[in-house]
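Labels for the chains are A, B, C, D and E, by order of writing; each one numbers its residues from 1.
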């Protein structure tokens, strides 16, 4: 397998080619089937009251909540298409929205349908069960006084938010659906820092390895992190645009006072983007050091070869001369011939070494 | 042949230089002659009725369809220029539009002529006959209640759409020409994912080969895929602008409700662009790994050479010394001389090996 | 000589430093003197009549043509400054315009002076006499019902246009000066594809050579083409802006119906830019392949050295051992000593070869 | 440790993951605890009077200063959250502002809350105690006639400003809070040049080292400086936007006459950005020289090896020939054989040397 | 010394850190003291009259010139701060303007103070005394009917302009201060081509050297030119913005008819920018050729080594075999043994040479 990034890309492409030619709004769940059965949870609250329960498909409230009340319907699991269809009918969602919810390969985007806002973005969270970071797609529908959230499977980053909903304290119960919408968005964005943390650890691990070994495995590791970063960047950049669009939006669904909070989320997204950019710079610096280290080792290898060879090749030549079998070679008969030749050899070696010293080769 | 990209480029340039100086609107078919004879098919439908037939040039309906009716004229094959001229007369198209239809080297663009919209874009589809991906240019004319489509040859991605037209169910029969226009556009864009799939497979194949061989053939293969990507990118980027222009368009030819569907097509085009960008990143990562692998192999070769040479060169020198023919060389007459020298040689070799070990060369 | 690009740059710089400090509007011909004497040609036509003749400086018509008539004055050769001055007086052109016409180093630009439009751009054409591509600067003045064109020397890309002017058929005679302006512009732009064709041929020639030799001459050739591309790009990019400016222009000099034709020219310029960009991508791909081929050859050279050296160095060492002159070397006296040693050597060589095979070195 | 940049990044990410899920406006000090106890200083001045003192939390003036008076409250140390809360109450600051003040990982930004402006930016100063450059975050609140500044610890760049406040001369006492705001901003920005100076020194030191050694330690040093630059750039770029925003601001808090001074600060920020960009160019040039020097040394090593080896290998071969023990080798018995062979060897060596000379190898 | 660019950068940084904390408008001359004493020259002219003289500080005209008259005050030398102060008083300039005039490290900018325009930009000119190109900063103040110009030292590019002022002919005397302003700007910009000429010569010199030697000195030379280009680019880019700003300006200080001339200056600045960009492309191409030449030489060195070594190593081995002292070696006693071995060696050598030929190594 090449990388997550391209696996994901392949998934997107596959699902698209499967659907090619079908009429728009055809509801087919494009993505892995992650759960056995879908679950529907609702929170219905006003400043005073709170109702929280898990319901079946038939129990989805058909009436919109009254003034001062907020309804949050959360669906875990997307493969039971009839649930999505039912909700589409009750809240009169556009067929294309339903289609987008079911295609778990969306790039983050926000769409304003007048009656409601549609936001889709990826969510990352740490699953203690599987001891790994899980990515799934969340779709949020913000209506006048309701929110519907669609997740691919159980488990999310909203537990702290639910706790705050259950207590009467805090702004959450006193403000409208738009503030809950902000709360959900903020929780998802805050969890992105998790991945940055993991990437940061990977970079440090690579940096440590760099001093020890320089095989092509390390290079592949560097590229793996690079690809993760590309993937993360592709997720966060459109999110930035989407939230900026929300801020500019003249929609009446988001109140003036909540917009200030959205600006805060926007700041966090910018921080994530900058962290990703910084990581990219770090990784490309590590890449340079890797390549330079490889070439430095090569240099050292060559130097050793050159030093050994250039010292001994002339010596061997001298020895070769006196190994010749000429009948008439006067030196051979001198009694000091042998020690003299050894001396000459020693001097040649010494000269070579001094030459290398002067060249600062060692 | 260098590459498809540059073949195409050459084609464009050639055809332009042929036409240089001719008055604008001169109808000459610029491109390969792909079919023996052109074919004209018409679909004429309202919610209730559907008429579908293949016609001759003389049978092209001269009257525009009535209220509530939609006419789709499809022409396969562009070299019978009289057909294009005839249609230009009947539907009063601008000469430059006819010229653009005949030049099968257009970059994707949309043009608003008030009475009608003109969209030209490439279409890719898998031909089961030839077992290969075929690229041709499609020109679409969207009028008030008619659509004219021009293709270079038979075979297209509209078969599913035709099936949906023939059945009474679905929105297609109930909506106007703009919705059919969307349908055609959507079918073409969806088919782009086909090429991405092929490119993805090529990238994976290269990635697998990378572990085995690193000859310059592989590099050329990498560049071939890179060029395909450049080519695809050049096709899709202007398409993005063209569809964005459609969305902004104040034309009355596209209804409000169809615009939402165009936004969906726009999203798909963005997804394709992102997939292309991701592929480019992957390919450039593969390029880095390729170059690094090549240099790592070189390193290994050099190391082997250095190890062998630096171990044996000093040993050979020692052997050379005792091969000298000096009359007075006391060591030669020692009875332990020979084993001693062998021992010394062994120690030198061992020392060298330990030195390389410490340097972590193997 | 380094390159055309920098020759041209030097020319621009030189001419500027010559003129430094002179008052603006000083008419000095900056550029090579390309012709011995200037020539003036006029076309005066209405739908019915056509007058075409070569005139002298004194014969330049002082009266603007009447309603329904179009006057095209073409000047070949810029060094007879008095002609330019005279025309400037008659048509009341701004001194800076005259100065720009005489400086044959302008980047393409369009300027609106209310009474007239001023467009300057380079023209490329194939001279059959000299069998080479010639570049010169063309300045066009578009007035209400006249056009003045200034060229550096005789020979241009307007012969087809002149032929069309002489025949009564076609739009050219029926439309105004703005349509002739479009015609001139279109002819010039269409001729750009000529150079692209030449560049394309150069690229292919380089690509073919790449498989055979990799000397630094080829690299210089690659850079020459690269520089031509830079040069072409520098010419075409500002032209794009200039024509876009024309399209946006609220000038009354260009009629609504001619604007559509300008849009067509704009499309061609975009196509040229894209072809240049594609060529750049191709060239940079060729560069990569060149560098990689060079390094692959190096690799192969090193491998051969390493294989030969590592096989024979140990063998030579073995031979060296039995060349030593020790009195006590039992192996020397064995009758099977010599064949045994040869066998050992053969085994060592075989081992080495198997080792290289396993390493996939050959 | 990899680098400051990524340490900082890690800090940001850590602090965010700690806070994930908490309601917005929860006041937790995110950052190192830098001081034991917080200090509050106030300056209250009009053109005539000046009151300066250190106060306790209970003594914070609850009444806003009168007309013509300016109040500057400076807080050193952020961990005593109750102080921040108290000030938030008195000056009715938005909870998100208080949260941002406490998070010492903000990117520079300006926010307009109508009643007050909020500016956050990093401050760098040279601490004579610790002989090092210290970075801390400063938050400035500009109200109608008050300024509140929050610093992480004692020590800042405002001492010159305080001195000017204490003297009656100068504009500072005569102008309003907005001019003091400008003064603070200007002092902070001017101090950025300090870091540029240090970076400049580092670059020069590296440049000097480059001539002497080329180990990978130097490369790491180059990358360290590169990372510092990335870090600095990330700090200054958003500051540029922030100040540009201030200039455009229609706020009534900043008077027309002070805006001109802000333009001056803006110019300084641009100068810093350009200096950073120039440093980046220098560093990347140094990088190129480094890599080229490494490869040149390699070249030289290879040349020495090649010269020695190619001179002696043929000589050794000649010696080897006459070391063969064939019974019938006529040369061996010639009385001039030995000197002749020596002569031949000398000629071979000379030929080689001349060959290398012609190749300009030394 | 690393480079001019960074020297200049250091100067800017140094001067800033010196001034840190001082109140704005503090007049300190930041820059080298270039002249011993400042000189003041005035030109006072109308269409009819011209008054030109050198004056002392006390003689600066306190009254603005009358209708139809233009006053040009030129100051050479900035260290006599009292002159600047005096002029500031008389013409009521903003303190920040005076400060900017004295800081000779400004990036080019234009500022509109309503009453007057302030333009600062670098000036380059060839000093015949010192036979070198000198760079200094020029500040221009354009008032209703006066111009004040501040230079760092004597010597400028205005001598031609002064000559034109002294003669009655030409537009200069007939037009207002804005036209003189244009004249000054034009002279300065035209002189920029001087440096481009020098850079062009440097590039050509490097290109010639490239064929001869490839030491790291050449690389440093390449980088020196690169840095000069970076420096020049940094000077000219902001100038482009500044002049574009002037063109858009609704100021009444520049008349409609002069704006056309400013457009001409703008065109020249664009030409300079393009020439700089072209030079950058040329330099980076030269860099590529340099690196490739270095690696090609390395290749050639390696090839020679490999050819020599691979030919002689096997031969030496053969010689080594027959140098062994085995008692039983039948070949040694053959009478054709020696010639046969020589023949075998010759064949081996020939085989190797043919092998290299086939590999196209030489």
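Everything that follows uses one rule, which is that contacts are C-beta pairs under 8 Å (C-beta built on N, C-alpha and C of every residue); 3 or more make two chains touch, one makes a residue touch a chain.
Just so we're clear, the structure is a prediction, and the values are computed from it rather than from any experiment.
A.B. asks: What's the overlap between the neighbours of chain C and those of chain E?
C.D. replies: Chains in contact with chain C as well as chain E: not a single one.
A.B. asks: Could you report, rounded to a multiple of 5°, the rotation needed to superpose chain C's C-alpha atoms on chain D?
C.D. replies: So the copies are related by a turn of 145 degrees.
A.B. asks: Where the centres are mean C-alpha positions, what is the separation of chain B from chain C, in Å?
C.D. replies: 27
A.B. asks: What is the distance in Å between the mean C-alpha positions of chain B and chain D?
C.D. replies: Centre separation, chain B to chain D: 43 Å.
A.B. asks: Using the touch definition from the top, which residues of chain B touch two or more other chains?
C.D. replies: Expected reply: 295, 298, 302, 305, 309, 313, 316, 320, 323-325, 329.
A.B. asks: Could you list all chains around the ring, opening with chain D and heading toward chain E first?
C.D. replies: D, E, C, B, A
A.B. asks: Touching chain B in the complex: which residues of chain C?
C.D. replies: 157, 159-161, 164, 170-172, 186-187, 190-191, 193-194, 196-197, 200, 203-204, 207, 260-261, 263-264, 267-268, 270-271, 274-275, 278-279, 281-282, 285, 288-289, 292-293, 295-296, 298-299, 302-303, 305-306, 309-310, 313-314, 316-317, 320-321, 323-329, 359-361
A.B. asks: Considering the complex alone, what residue numbers of chain A touch chain B?
C.D. replies: Touching chain B from chain A are residues 2-3, 5-6, 9-10, 12-14, 16-17, 19-24, 94, 96, 99, 105, 107, 109, 111, 213, 215-216, 219-220, 223, 226-227, 230, 234, 287, 291, 294-295, 297-298, 300-302, 304-305, 308-309, 312-313, 315-316, 319-320, 322-325, 329, 331-335, 337-338, 341-342.
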